[in-house]
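Two complexes come next, and they have one chain in common, chain A, joined by chain B in the first and chain C in the second.
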Partner chain A sequence: MTNIQGVVLAVAVVATMGASAQQRTAADGIAEYRKMLEDGNPAELSEAKGEALWKQKRGPKNASMEACDLGKGPGKVKGVFVELPRHFADTGKVQDLESRLLSCMSMLQGFDAAEIAKTPFGRGEQANIEGLVAWISAESRGLKFNLPQSHPEEKKMAELGKRAFFYRAGPYDFSCASCHGEAGKRIRLQDLPDLTQNPGDGIGFAAWPAYRVSSGDLWSMQRRLNDCYRQQRFPFPGYASDVTVALGTYMGVNAKGAVSIAPAIKR
Partner chain B sequence: MQMKKTCVPRVAVTAGVFLLAGCASVAPAPDYNAEMAAMMKASFRDQGIAKVDRLQQDASNAECSAAEGKALSEARSRAIEVANLATVKLPVDGKFIGDWREGEKLAQNGRGMTWSDASAATTANGGNCYNCHQISKAEISYGTIGPSLYNYGKLRGVSDPASPVSKPIVEYTWGKLYNAKAYNACSGMPRFGHAGMLDEAQLKHLMALLLDPKSPVNQ
Partner chain C sequence: MADPMRIRAQVAGDKATVRVLMAHEMESGQRKDAAGKTIPAWHIQDVTAQHNGKTVMTAQWGPAVSKNPFLQFNVKGAKAGDKITVSWVDNKGDKRTDEATVS
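Here is the complex of A and B:
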């Protein structure tokens, strides 16, 4: 069964429910739909693309990414994802996967990091980063989150991330905590993970990057955070900006011990 | 250890008391308030109608943010509620109840105020109500961040919203929609009237959805 057929079936199942059992069966229908989606996750295509991109000589310096240090030494990819964001001595900064990839693309391949950061999601080099994050995260699938917190900058980013998480502003007075500060809540029928603690294996921070069925492409954590801020009615967070890395650090530290299923599949 | 290397020779050269003191105390604790302000300023930019001035917090948001999800003291909660209650403007014509059908449309509409919305005008905004609340029985796709509002008027004994006996609950409900922080200091609900997101006519339609005995909410 294709995903589209699955959606149609799930919607039909939900739509034909009797009023008495509506509540339970609506949730059941959605769970069934999600199960069907797991049969074939299109993120696999992004993973294959990402692996090829990692090894391919590209950019003004015609170099591959194979000398990129994602935290466990140059070229080491297995297990790095569940320990990011972390501090990097060469940049002197705490970096998440995407800000680190920007550094490597700039240092090794000669790409203009600022130009890539300005590029809309899904276009140009941003589309290539989607592939890279899909593959790199997949190389940590099944591992538990365990962010390092020994460097003072890593501790600082976790604290700043916590403050950013609770920072209420904008026309709606929303913060991240408005939706993700309590367990067992939902928006419409969408379950919301409580990100102030470990929400469980493969939930919340441990599920992104993910293939979005609704938009038909792979969303990185940066893109997920960007759309959260849009719906929070905030101004636009810069790609790989400090606030996004701080939030990643806070959520990643909170997710300690959670098993990563990234890249997951989402509605 | 790296710190010692850079510190010691400078102390030897200058014999500065302040430098020495600086070394002995290792790294000073970060000034998180300053770091946070600098980070937010550097991280965001204008996009469409969503400008960086939205990051400015009023006193209520600043205090509720700093609490990081914990309850404020009774006294501070009360002070915030009093300040917010003072912003509530009752309808100029004294009429509180509009058309529940229009209210239902607004409750369903989750649009407005994002950087991808073209206009911040009230006509472009929905109430976002079902995102967080159960309201009518017919709509099963509702959120649970806020309490259920099903049978809102009926449970409160409102059989005629225009009657004097209904006045306290009618005015409370108006105040809640206009500025939710007037009754709950760190409420998660947007301040629809106070923030200029919904106009008086729209608020009246939402009032009707909640309080009109003919509204599906009260069946």
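Here is the complex of A and C:
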């Protein structure tokens, strides 16, 4: 019903304003589709699962994740997501949310981090991490990205991420920048955000993790990057590897001030 | 045991709008796995909604309904504080019931 009205309205606008009037673009259609889906975003199911997993005693050490320090002290979850990746003193590394969760799961709960990193997305403990990622990112919804850059390692990671972003290779001689280096590009009907700067609130880095309708799964940033590499015909650098964290740092620093809408919903 | 549903019920005039998100694989029975074997159908078959214990809606679902389905319906005459209960049974006999209070 609304669709028909929308089309009638668009026709009327074109008729009165002539050929130069703005027409409904494909992007408008996709934005409308997302708006309709937002009300029933299945990411909510993952959020509920993640919250329960955070408090549940699990793993060989039968411990919960509540002592996990995500950057604002043990057990603090609110607002941590918009300040990741950051440097952690106990591991001596810059870590994104997923690699930090891996550390906590191995340190606190006794899981084998390498084993989890090898597990395919959406299976076993990987599916549990997706739940945790959904809940933790939801606890920072509406906040602005503000990655710390005071530690030299954090600066180094942002610089490394920048180099990885512009690194061209593979059978198509592609880099991340081939698609995400300027505004106004798209793949088929999907607009591609320019990730060399802040693409805006809830766009690009500020829209992930997200529920992908096409696969019916909650995608973390690691899974998003994995798929970007697959589309470039690159081998995936590995789950929670340094280069993926570096790319996250670079995109996160660029997105400074952007409002996070994660977990979002994508087609 | 299946994961819980998310149910929201809000008064809108003389009725309440109920929004339900269910966590379910909803495997259609048409897909094949990596080894080429058909993945057996596994989906919700019966959905029931109750308003203060009285059944107000039943539905029969099939393999065409998406994974993690979203269901929205209106209940006439529901007021704030009323209980809305939604239940489903899948084709393997697994079931789940969740309740929400109209706000």
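By our rule, the second predicted complex is superposed on the first by the 239 of 267 C-alpha atoms of A that agree within 3 Å, B and C clash if a C-alpha of one lies under 4 Å from a C-alpha of the other, contacts with A are read in each partner's own complex, and residues count from 1 in each chain.
The rule is short, and it goes like this: contacts are C-beta pairs under 8 Å (C-beta built on N, C-alpha and C of every residue); 3 or more make two chains touch, one makes a residue touch a chain.
Everything quoted here is computed from the prediction, not taken from an experiment.
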Room on chain A for both chain B and chain C (clash or fit): fit
First, second, both or neither for A:39, with chain B first and chain C second: second
Partner chain(s) touched by A:216 [first = chain B, second = chain C, both, neither]: second
First, second, both or neither for A:241, with chain B first and chain C second: first
Comparison of chain B and chain C by chain A residues contacted: B
First, second, both or neither for A:196, with chain B first and chain C second: first
Touched partner set for A:48, first chain B, second chain C, both or neither: second
Per-pair minimum CA distance [chain C against chain B, superposed on A] in Å: 12
Intersection of the chain A residues that touch chain B with those that touch chain C: none
Interface residues, chain C side, partner chain A - complex: 3-4, 6, 19, 21, 23, 66-68, 70, 72
Residues of chain B that touch chain A when the two form their complex: 27, 30, 32, 35-36, 39-40, 42-47, 50-52, 54-57, 60-61, 64-69, 113-116, 120, 130-132, 140-145, 181, 188, 190-191, 195-197
Chain A residues touching chain B - in the complex, by the definition given at the top: 22-23, 26, 152, 156, 159-160, 162-164, 166-175, 177-179, 181-182, 184-190, 192, 196, 230-231, 233-238, 241-244, 246
Partner chain C, residues of chain A touching it in the complex: 39-40, 42, 44-45, 48-49, 216
